[in-house]
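Common to both upcoming complexes is chain A, partnered first by chain B, then by chain C.
On to the complex of A and B.
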């Protein structure tokens, strides 16, 4: 009997201890994540005047967003921005990681060099690309003019502007993809490659049959992480194009920022943010399910 | 025992985290109360913060150097024992940050406000009236451009302008031998001078930075045509024949090849940069940009003139705006804040601003011997004469949103073949419906 009581007491102590240990993390998550989401949801359901929350208006802002061309265009721009960026950043990051995993001269120096764009802030990146590609005084346009006698246009048609923001984003964010995949590559045992070599596998076969399948989990994680980052990205796009021309680069997050903090429609901006959250969740679930099915 | 110690440490961690939020406010309130008298009024100096778009730590712009000089001098010499700390915020983010801070019940003691944005600051609760201080102070400023009444909004004075800028026509004297007589002549002359690399005359049509470049031309042009943006009741009336005339004129600039599609991505900063680089041959820009423009390698070929109008030899009416200083809504010590504000209007400091090509708010600054000896003295005087024909105006709180809608209407007219009247009607109806006008 005493033994059972002691065992129960020990279990209770362990439970209390685990709660105490978890408490700081839970409080942090509550304060930094859950409360702001609840606040945003609440704001999105109320009329607002500057930063003041007024009367309850239900789903009015959601209906406005989802019932307007502006709203759907922003959702489409967000999805196309994320997909185009991922389509470029994952292959480039993977190829660069595989190359930098080889024993080549100056590897450390090249790795350091490659990481630089990621260290730069989105504002600096945007200003840099804005200057480089400016049709009127940018060096790229000037070189193009010297060669062809014509100016080149990177920002002034919807399609060109979309590609330009994607390009700048890929340049800024591919190093993190590279780092994650490089770390995963270094954890793959050399024995696997030796065995493949003994079996007579070519380099391409080794890459597609061994390296890539073993990288799948980290690629999945990277895709989810980068999707979230791209869906939430404001600074880069806003500084580069302000969402123009003709709203062609106005993603949901840029719309949320402009409505919330430029025009002070905080309720509308909050509703836009919640839609971004839902998009993020849907995409993450979709990636997970798709890749698990293939496994 | 070991477990008990670990549990206690964890508890201590949790409590210290939850207490974090309280520490700051306790310290803050402690700091404030130290300056309070028993009656609750502040009489001594304080540590004050000033939010402004200039950066005293940078030497890129002569205005930064003047600001640093004024603040350092005040901190060293003021009799109240105040210390002013400058926090620099880029002008495109200024309103957003100030309003967010105010919503959180905080903010600077002294706020620099661009007069176009003043009503947004009032609506956003970032500043407090300082009518009593201002009405006593204004008569003591020798040659101040503004009267107390001209600065009142709802019978209160919120800020005092310390500069008086206007918007002028900048052109390359090696390209345009004489100043074009009118906007019509400018369109044809600029079109003839455009090349594959250089545009003759440009109005930035980007919707970034509050569409400043577009609005800085649209407002004087519509006035030159005899129209207005708002009527006396605040109703939007830019969808008039005159508004249509302005948008059609801008379209004619595309047709004459004076400007091309790259203007879609040009904000006011980019227009000035391209003008400096020589790939834009003329543009409209504020006099406050003189120092930047004069930093160009082409400086000896750059001249300015009053902004052109639709009629021959009749410039567009001057649009006047200015940077101004006000007291923050949550200012700890309003006496000390206004004591600092006053230093901006001394003749010595106004002369310093003028040396940095900032049109002063005090006319007597032009009488200074050093100013008269400046190489561009004649130009400064001509700007002042042009500016004196206009007056500072306060635009509505939703001016930013309206500006973006207007520039988007212009983009559609110029590049998507939309009808000017229809586009302007859409924006005007949206604005008037929203504001129940």
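On to the complex of A and C.
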């Protein structure tokens, strides 16, 4: 009898504790993430004047965005930004991880130097690259000048600006890919490689026939994580090019940010935010479906 | 046998040489922008605006650092960033830590659904929340306050931290806690005196990730704070561009002051950074 009462008391105590432990986190998440989404949906359906919400206008903003060149070119810019970045970041990260997975002298030191860009902010990344590629005083421009007799301005031609933003992004974010793939490589048992060596496989064969297939799941995960990261990225692009020249680097996220906080079109900006959110959701659903198929 | 071993070894060393060459190339690419920034920050204004650029400063000139530290508001930005980062680490670790422990150990209904919900909210992009939070902040009267910054960072870090910390708490053997509770230790005491010290490495890792996130953030600070005296370093840096034309020497000195603490922290505690990062990413 006594034991049962004790157990009940313990259960009650646990119930109260679990409410106290969970409440702050849940309240914060509800107030600062869930509520704003509902609020943004509401704002996007009303005319706005600065922070004032006026009359209901339905899907007008959505039609405006999805019916305009500005909206579609932003979506196109986002897609090309994500794809170009992935195309560089995944092979570079993988190669660097495979090289660093060997037992070579100075490995920790080299790894530290290679990962450093990851701890720098997107703002700092943008500023460092802006200076390195500066057309008047930068060393890159000087090298180009001594070869061709002309200075080069990376931020004035649309195509060059697109590549510059991708390059700075790859520099800043390939260490993440490197870390994730290196962690996966370290969990592959050495027996597999020994067996391959006994069978007389060359290094390239080992890489393509053994390492790469074993890395496939983590590469897939990395692709998904990074594509969402790149798609939602504002700071790097905004601080490096502000979406210019001629909107060439204006991705959907940069468009939403600028509409909101440069032009103060909060309704239009909210609608763009909701479009970004929906695209994110579609992408996660697609990802989960493909993962389930694999299982 | 011996012969084949020897040739194997020879091939091996050529391969190692190649590895080093490629890795050195990687290092050059990763550190060049930083080193170029550092070199520039040590040059005088006249030497910075010269074409062709000099590789090493002709005369070491610390006037840019002097101007940034003593003649600008940058020290205020720096202090603000330190304070906000510290408060966010404290608040988010405490809040997420308790939630993670409850999910890890207590019998809660809809536990799976709750974890899934938390995961989903951690994936909501910041850019989608800025505008509604701006309007809500203005209406609530907390726009343009340090409190707003701490509130936003803390609540955005909470979902991810809860996931990471739950993973670390799960790996603490439950038997130790049971033994302590049989000895008359309450749940609460077990958590504070046994579980937390045992998961200290995980807590440190996740705190470091929060530190990097808050210290490096531009978007939240740019959006919710416009007062000069509340500005944080990332936004402070950006203001060098619009405010004074571009003062590259001062700007890059400020950049160096901003990145040095985080680089030192990273070099000293690299293992912990990498652990936390891997835990967070795999879960996310």
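Here, the second predicted complex is superposed on the first by the 243 of 295 C-alpha atoms of A that agree within 3 Å, B and C clash if a C-alpha of one lies under 4 Å from a C-alpha of the other, contacts with A are read in each partner's own complex, and residues count from 1 in each chain.
The rule we apply is simple: contacts are C-beta pairs under 8 Å (C-beta built on N, C-alpha and C of every residue); 3 or more make two chains touch, one makes a residue touch a chain.
What you see is a predicted model; the values in this text were computed from it and never measured.
Counting the residues of chain A that each partner touches, chain B and chain C differ, and the larger count belongs to C.
Once the two complexes are laid over each other on the shared chain, residue contacts for A:225 go to chain C alone; chain B is not touched.
By the document's definition of touching, both partners, chain B and chain C, reach A:137. By the touch criterion defined above, A:245 reaches chain B but does not reach chain C. In the superposition on chain A, A:121 makes contact with chain C only, while chain B stays out of contact range. Of the two partner chains placed around the shared chain by superposition, neither chain B nor chain C is touched by A:85. Of the two partner chains placed by superposition, only chain B is touched by A:263; chain C is not. Once the two complexes are overlaid on the shared chain, A:173 sits clear of chain B and of chain C alike. In the superposition on chain A, contact is made by A:129 with chain C only, not with chain B.
In the superposition on chain A, contact is made by A:17 with both chain B and chain C. In the superposition on chain A, chain A positions 13, 17, 20-21, 24, 28, 51, 134, 136-137, 145, 261 are in contact with chain B in one complex as well as with chain C in the other.
Of all residues in chain A, those touching chain C in their complex are 11, 13-14, 17-18, 20-22, 24-26, 28-29, 31-37, 39-40, 43, 51, 53, 95-96, 99-100, 102, 104, 108, 110-117, 119-125, 127-129, 131-132, 134, 136-139, 142, 145-146, 171, 176, 179-180, 183, 203, 221-222, 225, 228, 231-232, 234-235, 239, 253, 256-257, 260-261, 266, 269-270, 273-274, 276-277, 280, 284.
Taken in their complex, chain C has these residues touching chain A: 15-16, 19-20, 22-23, 26-27, 29-34, 36-37, 40, 48-53, 55, 95-96, 98-99, 101-103, 106-108, 118, 121, 123-136, 138-139, 151-152, 154-156, 158-159, 162, 186-188, 212, 215-219, 222-223, 234, 237-238, 248, 251-252, 255, 258-259, 262-263, 265-267, 270, 273-274, 277-278, 281-282, 284. Interface residues of chain A, counted against chain B in their complex, comprise 13, 16-17, 20-21, 23-24, 27-28, 50-52, 134-137, 145, 149-151, 153, 155-157, 161, 238, 241-246, 261-264.
Contact residues of chain B toward chain A in the complex are 3, 6-7, 10-11, 13-14, 17-18, 96, 99-100, 102-104, 120, 123-125, 196-197, 199, 206-210, 260-262, 264-267, 270, 273-274, 277, 279-280, 398, 400-401, 404, 408, 411-412, 416.
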